[in-house]
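Each of the two complexes below includes chain A, the first together with chain B, the second together with chain C.
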Partner chain A sequence: MTLPTGTSGTVVPSSDGAAEPHPAPAAHERDSASVRWLIFVRDRGIFVLWILLLLLFSVWAAPYFAQVKNAILIANAASLTAIFAAGVAVGIICGVLDLSIPGVAALASCVCGLLLHHHQPVWMGLLLGLLIGVVVGLVNGLISLRGFNPIIVTIGTLSITSAVAAIIAGGYTIPGLTQLKFMGTRRYDGVPAPVWIAAALFVILTVFLTQTREGIRLMAVGGNAEAVRRSGIHSNRYKVVGFVISSFCAALAGLVTTALVTEASPAASPGVIFTALTAVALAGVSLGGGRGSLPRVAVGALVLATISNGLTIKGIDPYWGTGVTGVLLLGSLSLERWISMTVSNRLIATAQASVHTGTR
Partner chain B sequence: MSTRRRRQTRATVGIAMVAAAGLLLAACTTSDGDTGGAKPAVLPKTLVFSPLSLAPPALKGLSEGVKAYAGSKGWEVIVQDPNFDAAKQTQQLNEVLDSGRAGAAWVIAVAPQAMGDTLKAAQAKGIPILVNGRPDEYGYSGPQPGITFDYIDYTAAGTALGEQMGKCINAKLGGNAAVLYGTGAAGSAGKNEIDAAAKAALLKTAPNAKIVSTIIVTDRAQSQTDIGNALQGNPNIAGVMATNDEGTLGALGAYDAAGKALPCAIDFGGNDEVLGDVKSGKIYASVALQFQADMTQSFDTLVKMQSNPKANGDVLVVPAKVVTAAG
Partner chain C sequence: MAHPAVPALELHGVDMHYGYVRALDAVDFHVQPGEVVALVGDNGAGKSTLLKIMSGALRPTAGTIRVHGQEVHFHSPTDSTRAGIQMVYQDLALVDAQDIATNLAIGREILRKGPLGWLGFVDKKAQRKRSQGELDRLGVRSPAMTRPVEMLSGGQRQVVALARSASRVTGETNGVLLLDEPTAALGYEQTKQVEALIARMARQGIASVLVTHNLPLVIEVASRIVVLNRGRKVADVATAQTDNDQLVGWITGARPSMFPTSPI
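Up next is the complex of A and B:
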């Protein structure tokens, strides 16, 4: 008697109700291979998507797209989103969603702009701008630890920082900040400064999250704060660190934006959160915390910049870019969910088969 | 029922009665005010200024200008900040109109179609009101008692924008040029009118010029990025005309980053930075809205209306002027 098997190679009962062991080493290998492939798609799918987009636009938008000059443009456009997204991603990975990011960026920009406007040294403006990010992150973290919902807390600090930015700038923009061009439009070895800044930030944060004890713990806190606490680690401290990194990135992005347009603006643009969240979600960072990869977030930002660049080069109506991004986002979320469920089902089926038949 | 319980009950009933009496009194007072409907003998010299928001520097500047100008005429100015929220704007306006403090109101409406009740309330109380936009945007077919309309003529502005681009192309580029057009987001005020007029005027003034790329301008950094991308696809773009300052300034940044010169940059808006760039020759021309002149004509109209708030108000146009390096 042969035993019918499911499509995934699982054991199913025969018509007389008896189950027989399935001689399935080949099926087992096929299972493992398909699971490995699915996990590869989940973890590296964003890279595949980006490469596909690059190939598509290289053909469609020839000859202007596939040029080194254009690659630099894409990287430059992605760098700002990437810096914001790095902060959002680190926050989400450790279980906090920081909505104060636009306010912190505006405040850091205006404080720096005001100092430069009053002929203070550039280093002082930048340092104070970044320090503001750290302080706001600390405040967000410490308040949240007292049992307040982090989303509400950061909405509060978004309002406060936006208001303070508008007050210190008097409601006006501060133009003519050409002292910051060295980190805005200036190029080093042919690559614009924002790209170097984003690259340095991502390298530092990736090393921190993956190679240091503190970083690994920070990710663990996002996955299961209670388990981390029971293992004797001070989980609250890591949540505060998550807020601080998030705000620091926002302040840095605010300063880079200021350098790019040589103007400090007190207007906090909530749109930056959505763009950053899109890059983060495309990168497959779990919104539940505990799982995510910063290099993938960088590629998520590059995907957004590539779509915008390619469509603009082709002269396509800009509204299409927004729509395509939304479709990609929903598609990637659906794919991620489908893959996760399929992998889980197959692994469970394999485990059950192993338990009940002793063969697998 | 225990003595303590009876005391608590009596106290509760007492508080409820006092509260009810208070509400009744307040209702009567409000009712009196409403049914009276007649304008106060003398309207206070207090202007309520309600812009879209105070976040945009141009509106912040306008509010400061209104305060200074009205202050110099002996008026007090109450500045509101609806923060682009139509419901908040009407609520804030209704509150101040009901309070009796307002002697006149100047409103840059977030949603003109939502202003109907507020306008009627102002008319009923005899408080002159100036709103930005044309009568039809508020559901009227023409001038209305106690209401002055003040609008930007986007068709005229678009025509000036396209003409200036055409003139620049004819003068500097021999009449041939690829042009990038930076326009506002869908649904932004006057978008259809200014887009159509600018394109028609460009075609008429420089028939061989061609718009090869269009971008939506949201903010300066984004427009700088988008124009850089467009420049990659169309390296020959020699003219940029934008329907706002952020688009034109973003274009200058994009060309600067690309190490290229932009022979023809035309702007609509005319903030201080743009006017500085016009003077220095980086921007060929700006169709500059004359907010200072508009502010004085608007305020003076409101003051005039106070003497006869039942008369039909004016339909004003925000003055605009083409500014070039020559002046």
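Up next is the complex of A and C:
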């Protein structure tokens, strides 16, 4: 390579690793123990909270609370919330809040119910139900990409899907869907089917989001779509994927609900969104997008179920449970804010010393 | 002004009109591999317009652009990125919640070998190693690769953003970095850090175009300075042959243009 020369004869040396005048200081910093501990608490705080709750109820609601039977009850109660929450969480992480979830759940459940009612095979009912989730997600995504606000778009599809569900079901619930018991009340190895389904969903989505290229990009799009776009990636496609996953989870949750109660109801209950959102928020998933982890969302759903279960055992009104959840939510918000501030203060204190380039 | 090497990026006779407003008037500009050229001028002198033309965000009304001697037509920033030109953005370049390694790797992830790779599984260890290598090569001592970017100081963030762009332009041919006010939000210490990094990148053969209002920074890191005044190039001078007062004269228009062929 020739040596390029500036107009004044300023010689600019060419790149040559060996001729580098200031060899790279190759000290690889590690974070201090206290910082790592704080980050650990921030990332795993919900686990600590849950364990505390378990200990509290084990003592307070002894001897009925701390039993395997009760643990399975809690897991079963949490699973439905968890499946909805998985959809909401993936949506929010990717930067889209999908409000059409209850409608998609109702539509999927009614389509599946109608097919089973007309003696179609079970697999066809389930497949079409899930397919409806994917299609509604695609529609949501493609409309939102045209520059419309996702919240308004999904409110629109919420109305449409719940209307279609009511129309095809004729406004009544479709009863007697006992063919679906295998994924409703049946137990495998002592654990109810919905728990297995929720567990499988969470494992798959967690691996997808943290280990695969597409998942990592999906999270990055939620955090800063512009940065991803400038890396030459079509960030919009990943938003559509976020909508699709969100709707798919909703359809799955609708089918599991149908299987549990053995009837398909066309009534879309917006309440599921708020329960799911509570679990998601407890898990520390930022509504701004880009951050959050699914195992924490699962624990968030478990925390909700644990509280209502423990209070029920003690014979306390369930209203208390709702109130306690609210307090926990606000408490966890404050804790996270405090930890983030402490961490950044500490890091700024050490930043001056640790990033020196050796050319001071 | 004979140059022995082919310029990494060369603009010839670039005009840019916005309606009746002439933002750029027959501007010639070039940057050699390994050279840091500062582009200075008052607000509205046309610096940003010129930078946007180089990055492909704007198409000039007239004029030619050559990259490593080859004429190109940029229709979008993607085209210029493909040609090895990277714009370094202040705040928009990083994904806060992700760690340094992921930020450096996004868009060019390393997949695992074997069936897991076909499913799109990322080899995080290899990515961390490559990211560390890239930062080491730039002489950046950074925090742990697993540190989320949101936990970095402003200077560290800017260093990572620069390294991210730099690692994208050092392919088989050395590319061009476009820097828009790289030190605007930084303190003294952090500014020094970024200055040192720009100088090291230049030593590795990366061509840099630096747009800033910060004259001390210009004099510190630039090897050549181009001054724009009301859309015209009024000075193109080696840093060693000029000083602060001269530059201020050109910027404000108090000092006559070096290129009298273009009458004012």
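Please note the rule applied: the second predicted complex is superposed on the first by the 317 of 360 C-alpha atoms of A that agree within 3 Å, B and C clash if a C-alpha of one lies under 4 Å from a C-alpha of the other, contacts with A are read in each partner's own complex, and residues count from 1 in each chain.
Criterion: a contact is a pair of C-beta atoms (placed from the backbone, for glycine too) under 8 Å apart; a residue touches a chain by one contact, two chains touch by 3 or more.
The structure presented is a predicted model; accordingly, all values stated were derived computationally and were not measured.
Participant: So, A:130: does it touch chain B (first), chain C (second), both, or neither?
Facilitator: neither
Participant: Counting only touches as set out at the top, which of chain B and chain C does A:223 meet: first, second, both, neither?
Facilitator: After superposition on chain A, A:223 lies in contact with chain C alone.
Participant: A:64 contacts which: chain B (first), chain C (second), both, neither?
Facilitator: A:64 sits against chain B, while chain C stays out of touch.
Participant: Can A:290 be said to touch chain B (first), chain C (second), both, or neither?
Facilitator: The second partner, chain C, only.
Participant: Tell me the contact category for A:89 with respect to chain B and chain C: first, second, both or neither.
Facilitator: Touch status of A:89: no partner.
Participant: Is A:171 touching anything from chain B or chain C once the two structures are fitted on A? First, second, both or neither.
Facilitator: Touch status of A:171: first partner only.
Participant: Check the residue A:212 against both partner chains and state whether it touches chain B (first), chain C (second), both, or neither.
Facilitator: Only chain C is touched by A:212; chain B is not.
Participant: On chain A, which partner's contacts cover more residues, chain B's or chain C's?
Facilitator: C
Participant: After superposition on the shared chain, which partner residues are touched by A:231: those of chain B (first), chain C (second), both, or neither?
Facilitator: After superposing on A, A:231 lies in contact with chain C but is clear of chain B.
Participant: Jot down the residues of chain A that show up as touching in both complexes, chain B in one and chain C in the other.
Facilitator: none
Participant: For a test of understanding, state which residues of chain A touch chain C in their complex under the given definition.
Facilitator: Interface residues on the chain A side: 1-10, 12-15, 17, 20-31, 39, 211-217, 219-220, 223-224, 226-228, 230-233, 286, 290-291, 343-344, 347-348, 351-352, 354-360.
Participant: Report the residues of chain C in contact with chain A in the complex, numbered from low to high.
Facilitator: 1, 3-5, 32-35, 77-78, 81-82, 87, 89, 92-98, 102, 106-107, 109, 111, 119-122, 124, 132, 136-145, 147, 151-153, 155-156, 159, 174, 189, 192-193, 196-197, 200, 202-206, 223-224, 236-241
Participant: Please give the residue numbers of chain B that touch chain A in the complex, ascending.
Facilitator: Interface residues on chain B, with respect to chain A: 54-57, 60-61, 186, 212-216, 218-221, 224-226, 228-230, 232-235, 249-250, 253, 256-257, 272-273.
Participant: Can you list the chain A residues touching chain B in their complex?
Facilitator: Interface residues on the chain A side: 61, 64-65, 67, 69-70, 73, 76-77, 80, 166, 170-173, 175-176, 185, 192, 257, 260-263, 265-267, 269, 271, 308-309, 312-315, 317-319.
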